[in-house]
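The structure that follows is given in the form of structure tokens.
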């Protein structure tokens, strides 16, 4: 019997990065096939290729034996492939029925046939076991779980054969998750095949039939039974990382430089407290959406907080004042380096000196010569290539752009560095360079907090690791005893109930 | 791997920048040449040169302040109305305090309007277009109301009325004031910390926050600045007219904005040039001067202005 | 748009609207305690309300410059002189706005409607008012349909230009270089004032030459800059014919700033107080030709007479005329005292 979906040797290369390096996947009709893997393992890219949103570089995708037209979402839709993303593609102000038939409304002549759509909507919802949902209700007023239902009804209305669900339980409460599983079972009973992506490995055992594990863009295990236990799964997800060289570092001995107590903001950040010493590199791990960036931004004063206190060298930072944080010596290198860290149309010099103009100029005036000298010194010490500070920031590679941001904080004599994914988008060769620089900065006595999604980086480079999940710190690991598996387990396990919720 | 695609893009950007930078000065030179050919010494004389500068002085002074506003990605549509309102307020409430009192009152009134705009944009987070549109309506109404639609004659303010006729070293006062304001504006934008912060906020607001710049005071201050410039321009206008009239300044905002835009400052913020504004102002003043000297119909002038604006923007267009 | 934006916008718009001079809200109509109004026609006058006040509604353009502002002011002042008149004034910035306002006003059933239209497109609203039994008095800018008004009172744009031209012919003895500063290019007011002037000086068979003709949009600052350029272009100017007194102030300043006020003289149109003061003083400003916004006051007086079924005093007929054209009276130093009172 032909598989519903057959993917062979799928490769997708973007400029500078290989997202998929040869993925195989088989999905049968009527099965719930779970897809697991770390951030960046290639799950999203795989879905994009199957749903037609991206064109594969090579490899084949077959639906019921027929090749799927590459890069044509409409072809995929017509063939019966529907995708439910985390950000549901619903129009808030329209009704349930209108959303279900969005794009393929039922008509009578030139006019919309509202009655027919209402009837069919009710029929679809009944099929999903929710006959009571009012087809005229406005989607904006529905609960998250009901919105999801509408999204699934939409897929059904297009005669879906393969439904791809990306983290559907992320927005649901436990009882709603049970209801979701009921609906999924109804669909599979009808012969629909489901690709179910989730980080919640405990759910996989409940709803899944088989599991495929992706790592670094390739299939490392397929057709595992859903009852496979947690540990071997995690080991497969983490695997052996290719040699990343982390510079040797002396153990940090300094005083506490950054002290965070009770920092919280509903709903992104639960009460968080920790300390960082001079010379220490504190890693922050967790899945996307765990609240790591929110934590850094709250410390830096970029976002308001509901409560808590941040101290730098025992001076309390007034919340919501990023200018005072910078003045106190906190420097942030944001996740979106290009859009938030730099002025791409400025020279490197100006990008470096922007936070230190007061000390470089004479009175209210700027001193171009002093700026150039100061910037060049720091850019050179971080070995930014090419060695021409007057070049625009847009002309540098990712790694060198990161160094420019670091040079800025160096010039500013910061005492705390908040780095958000510092090696993202940096190719492997340059990564070692960036690690060297960060280690050097730590060596000079800076306290460094580093958010990272790369387990190897966290474990191999940081002195301590905080693991976050759903806005709270759920684990703290120490350098010698930390392993990638441990980090991932903390990141994936459901956090204990928190009072703030 | 060297950053060769990057450096190729960089070199191309350098070349493009050259075209953009010299395009407008070329236009100005071209206009001057055409003028000399067509009108000889009537055009090409110191008298006419000062004439052109004098005519550029009101819109030009405002354009200096407008450059800062546009550099932050904002805009000020109210300058024309504020020009009139400030003059009228000066004429009605500060008349008895002599020329100096009048000038102070006018400038102060304009700065207050600027502060209202700045407050609306920086703290109430109202979109600049909308906020200054509201001020445009309100200020014109205030001007009409206070003046009862009648201009206030100011002949008795000696120093003020001489602004139109007095010359220092042969140069008319409005021209001097305009050039001085341009010079100060250039220094402020390019040689001070404040100017750098303005460009930073306009170029990338979030990056500016992350770099430790206080964004809201910067946003507020540029509207104060354009208010100050409008106040000075109002004094120049009133001085030349020897009367404070509530109907002056109609369309001034478009003149100032057009000059800034064709000069090369980007409406999106971040990229700005004071020199460009100067050339923009001169371009329009030269066109007006030349076509009036030749007694060409005003419709032709309007068409020409439109063509120049389109052309300037096309030259500045960047590939993405 | 955030709530703050909307709130502030509403507040400012309201302030601007309420600060419009003379923009009284129309009073709510009094209960109808008189006979139903007869169908208005050109021959019968409506019955005067017994014991009630005469409701006169005035629709004018918004005060974008002195002349139009004075229209509204004069109308209000005239109405205030009567204690049997209930007066309401609305102003509109565009013809479309004016049409909307008129439709609303008609529903409130005034006794007479006086309209100075932005342009001819307002004719439809006036026609509707006439059909609804409300007589319309048309001020200055004419409607395009004779059925749209009961009476017209207007200035004489052509006449103004012609009178000015005659004055120039007389003063220059048919020889000289003249500069013409127009108002807004292209509108009929401008065209007529230019044509009247051109026709009058044609008698000199080219002796008087218009060496420069530029618009200055009725604005003094534009008058200033245009004249600056013209002064630069023309080394010898004998006289300047301007289309508007307000605008002419800027022209005057330009001439004075260039120290050429002894070289030429200047005339305006309208009859503003500032112009008359300068004419009385003598010198650069020689004359102006009346195009006086007092016609709005006269229109209000006419409206009242119409409502009371009376004619003009001293005339025999007991009905008001249906066309009154104001003389484009020239105001010079020797007769300026007679007209000072109506300077605007």
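Going in written order, the chains are labelled A, B and C, and every chain counts its residues from 1.
FYI, a residue touches a chain if its C-beta (ideal position, glycine included) is under 8 Å from a C-beta of that chain, and two chains touch if they have at least 3 such contacts.
Predicted model only: the values in this text are computed from it and were never measured.
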- Query: So which chains count as neighbours of both subunit A and subunit B?
  - Reply: none
- Farthest-lying chain, centroid of Cα atoms versus that of subunit A: C
- Item | Chain nearest the global centroid, as defined over all protein CA atoms shown | B
- CA centre of subunit A versus CA centre of subunit B: separation in Å? 46
- Query: So how far apart, in whole Å, are subunit B and subunit C when each is placed at the average of its C-alpha atoms?
  - Reply: 34
- Message: What's the distance between the Cα centroids of subunit A and subunit C, rounded to whole Å?
- Response: 69
- Query: Residues of subunit B that touch two or more other chains: which are they?
  - Reply: none
- Residue positions on subunit C within touch of subunit B in the complex are 1-2, 4-5, 8-9, 12-13, 15-16, 19-21, 63-66, 69-70, 73, 185, 211-215, 217-221, 224-226, 228-230, 232-233, 246, 249-250, 253-254, 256-259, 273-274, 344
- Message: List the residues on subunit B that touch subunit C in their complex, please.
- Response: 39, 42, 47-48, 51, 54-55, 58, 120, 124-127, 130-131, 134-135, 137-138, 140-142, 144-145, 148-151, 153, 164-165, 237, 240-243, 245, 247-250, 288-289, 292-295, 297-299
- Message: If we count contacts the way the header does, which residues on subunit B are in touch with subunit A in the complex?
- Response: 1-3, 6-7, 9-10, 13, 191-197, 200, 203-204, 206-207, 209-214, 270-271
- Task: Please name which positions on subunit A make contact with subunit B in the complex.
- Result: 300, 302, 322-323, 325-327, 332, 334, 339-343, 345-346, 350, 354-355, 357-358, 361, 364-366, 386, 391-392, 394-397, 400, 408
